[in-house]
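Chain nomenclature is as follows: A, B, C and D, assigned in order of appearance, with residue numbering initiated at 1 for each chain independently.
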């Protein structure tokens, strides 16, 4: 995949890729997904970070976390199964050592926050609020890989609304809430997030899964269960993006199996204003950067001048 | 040196007794600087099976006029390695590397030889290491263990290399079809008992490397092992390749390893 | 894949493949999944029906159903998306014209029942109760492809318990309840089914998904959303089988992406006593039959004499 | 005749101007009985992309000493067709067939010729049909429409066949690169207006076939269309290939079709 080439001055030269999710403005709708591209800076030698629309950091907690024992990953057909256990350097080290370096890029920095306790989230958000380098916070209330805390918030509308409000009270930055696919009604969770003051919905986090080695009889993951990601979950993600975009009415970031330009278009049509690329980066570190070029080329091919024209553009066969 | 992602061309697939083969790839100049123990991440298909790249130690390196050529020694165990076995000359594969920390050098002060211990295809990274030891004038014995003679792939090459260094090849098979019957740890233990080695370098099944670490400790001989873990990315992004260390921390096999000192790993 | 060959009289000759799920006894643990092999008889020319452990019929309702308008299927990476809409010939026609023909096989006939109204299920079960040819009923309370009815029952523990009890009251046949993966807690649903008198849990039905053609902007399915099946959902199915087998304590039939012998072993280790093969049959009509041979061969290779020895045999790294 | 599933051998992949090619397969004796309009389900990969088989009309059939050989005329549009284009002679593919209902015969009473109308690769099933008409002594004209000349794949073959029957080839392209510029419906309408045909047989894009059905009704000429729908299985198991009929029922394209009478389908 490579960028489009046009004679200079050609009107088709540059379709407008910029998008706005509430107060979060991105140069283009391609972000890297949390936990799949470290803290952003590390991989400058493998891809042109300045081409990205945004970088979502690995999930950060108040204290550094060492993560889960191995094995941490497995590879079922069509996807990836992981249980990293939110290993991270902690918010303080990130703010002191990583964030400054990220200032150089047009790519917007979204800080993914994770807490064990209810109050952790507000404390984390409060801590980052002062830093202009942080464009938005993304609340990970839906990580399947930690035994206590975290996940429950994302499964309980009442709790979640309170949680989001507690964050809303301490920061003016755009708040994205990351939705779990492992619930009966993502829409209900999304509405709770909205009621709590969320600005953006990120959908989806990994799907709870499990795999077993038929010979050793061991689970592929030390934690037995883990998060399924990659192409296998894309149809689940598209469905949830479509539902929440239509019914909750907050801007949505589509996540799940994004790898090709077709995938990006599909999420945009379903109602996403931007997408995050995760597992695909492991296979190809330049995946996100290449999608920016590929998307521009595709818009030209489709004769679409502004990427925002595609958002929610799916044409259902009937009302649904 | 920073790893780079190259679309490299398949030069040839060299068959060895199944399930082994060598994959020879042409790549950029930086590959010339690859060190023993380092590895590459190879895209095995453009489809879904498997989706993620596969990790392979660099078995051998040589210069070409404009770049470098690497050889991977591969054992077919599943879809990815099977896909690689079917590649044809001229096909292009995305190859990311060089990755990881290489084997350390063998303290020159000590005049005793070095022991290279391979379990099956664990021999892959030890060829390049052998070449370096030879170039450094370090004598080494090559211990090669496998289930059967088929698993002692390329043992002739290892033998001549060891001999060139002044050492020799010692091999064992569990079925006795080649060398001494039994596990490679037996002859090595004898070698250590005879006070023969100043350092052990190994790659192979976890069980073997664990046992070697114990033997090394027993005889006060330091060593290094090239570990294998499932790897999602190979370049430090997924945090999936954790290796537990004695201090309780989790190191990344792809970044802090794959080579670890015997006494650093919680076996 | 083909059967194992041993010298006559060899002890390893025939590992015991028979399994019991409560009162449902099967010659082997391989069944065809509902909706993926018609009513069983139609495909006798493509595979040896008499080799199968059981045949689960297409979902049957009181009245024939014509199903959903096309397009009814799509093919996302790693799986299949469908919205057939439970097109079926109706219970009466099945009992009169199909069931008699199925009598000839050792394969046990499980009738999959679907209703729009609460009472439909009991009426259907009552109707089949008299037929000895029916070995068990499987209640489809989890089909994502019908706008009204059906699905709600499978998402609401209270309603489901009452529904299952209403069926329990009218039939002595083993009752299998088919679980939806699209809920926060499949275990809670499974427990409700058990409380209502279910004998078996079938896990899982398809996963709610959606796909869009990036060029036509049309959903791949007329109904917009549909059910995801095939290899892509296997890790989700294994996780749910593991959870319900461990926590609910009813025999479980594992369903979801079963294609290879490794898949069968994986489900058995996770806690399933039998498995159903669905989408794989579309790719290979002999898939189920071949799994019976392949499983026998594998058991010999594993030196396992009774397939039941594998059930629940996973060895977790730690308690979970 | 009941379909059977065979592991059939690739004889060759015949290149046509891209994105078209022919896939020639060896199979069992029963294939000799394949009728025009019937199709086969082909396993395109042993992996996941795509997972399901792909449907292809039988383009041509010939006897071999022990069995039969079929030719499929394929347009590359995605992973499955791309995978088939890369097959090599000797490779084996699972092929299920013959499947579906064939084209009906053209009422012999009427002496007017028959019109075969192909839109692009929709020409695939019409070669075999042409052979049968020729053998039955039925004159036919072959209408061949495409975007550009490249889409009129194998038109020389169709032309000679039509001529052998006493008819001719009429072709159109949207870009005017071959034949008359425009849609194939234009010349056909003229032919119908001239009262020329007793029956229309067609295969191509839905839009084209719909328009032909309308034309047929207009001129009181019956016809049959070979429809395409996504297919999960091809043998009646998945119920995924529904085609809505005028009476409101859903027929299965793979069992009740793919050939349907113009007036049976709700277009």
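Throughout what follows, a contact is a pair of C-beta atoms (placed from the backbone, for glycine too) under 8 Å apart; a residue touches a chain by one contact, two chains touch by 3 or more.
These numbers were taken from a predicted model, which means no experiment stands behind them.
Asker: Show which chains lie in contact with chain A and also with chain B.
Answerer: Neighbours common to chain A and chain B are absent.
Asker: I'd like the Å distance between the centres of chain B and chain D, where a centre is the mean of that chain's Cα atoms.
Answerer: 55
Asker: Chain C to chain D: how many Å between their CA centres?
Answerer: Between these chains, centre-to-centre, one finds 37 Å.
Asker: Centroid of chain A to centroid of chain D, CA atoms only: how many Å?
Answerer: 46
Asker: Got the chain B residues that touch at least 2 other chains?
Answerer: 48-49 - these are the residues of chain B that touch more than one other chain.
Asker: Which residue numbers or ranges of chain C touch two or more of the other chains?
Answerer: 69, 77-79, 231
Asker: Report the topology of the inter-chain touch graph, choosing from line, ring, star, complete and other.
Answerer: ring
Asker: I'd like to see which chains touch which, written out pair by pair.
Answerer: Applying the touch criterion to every chain pair yields A-B, A-C, B-D, C-D.
Asker: In the complex, go through chain D and note every residue touching chain B.
Answerer: Within the complex, chain D touches chain B at residues 45, 47-49, 79.
Asker: Quick check: in the complex, which residue numbers of chain A touch chain C?
Answerer: 69, 76-79, 81, 155, 182-184, 207-212, 214, 216-219, 222-225, 228, 231-236, 238-239, 242, 257, 262, 265-266, 269-270, 313-318, 320
Asker: Which positions of chain D touch chain C when the two form their complex?
Answerer: 2-5, 43, 48-53, 94, 96, 229-233, 235-244, 248-250
Asker: Under the stated contact criterion, what part of chain A meets chain B in this complex?
Answerer: Chain A reaches chain B through residues 35-38, 42-43, 45-46, 58, 66-75, 77-80, 82, 84, 87, 230-231, 279, 281-286.
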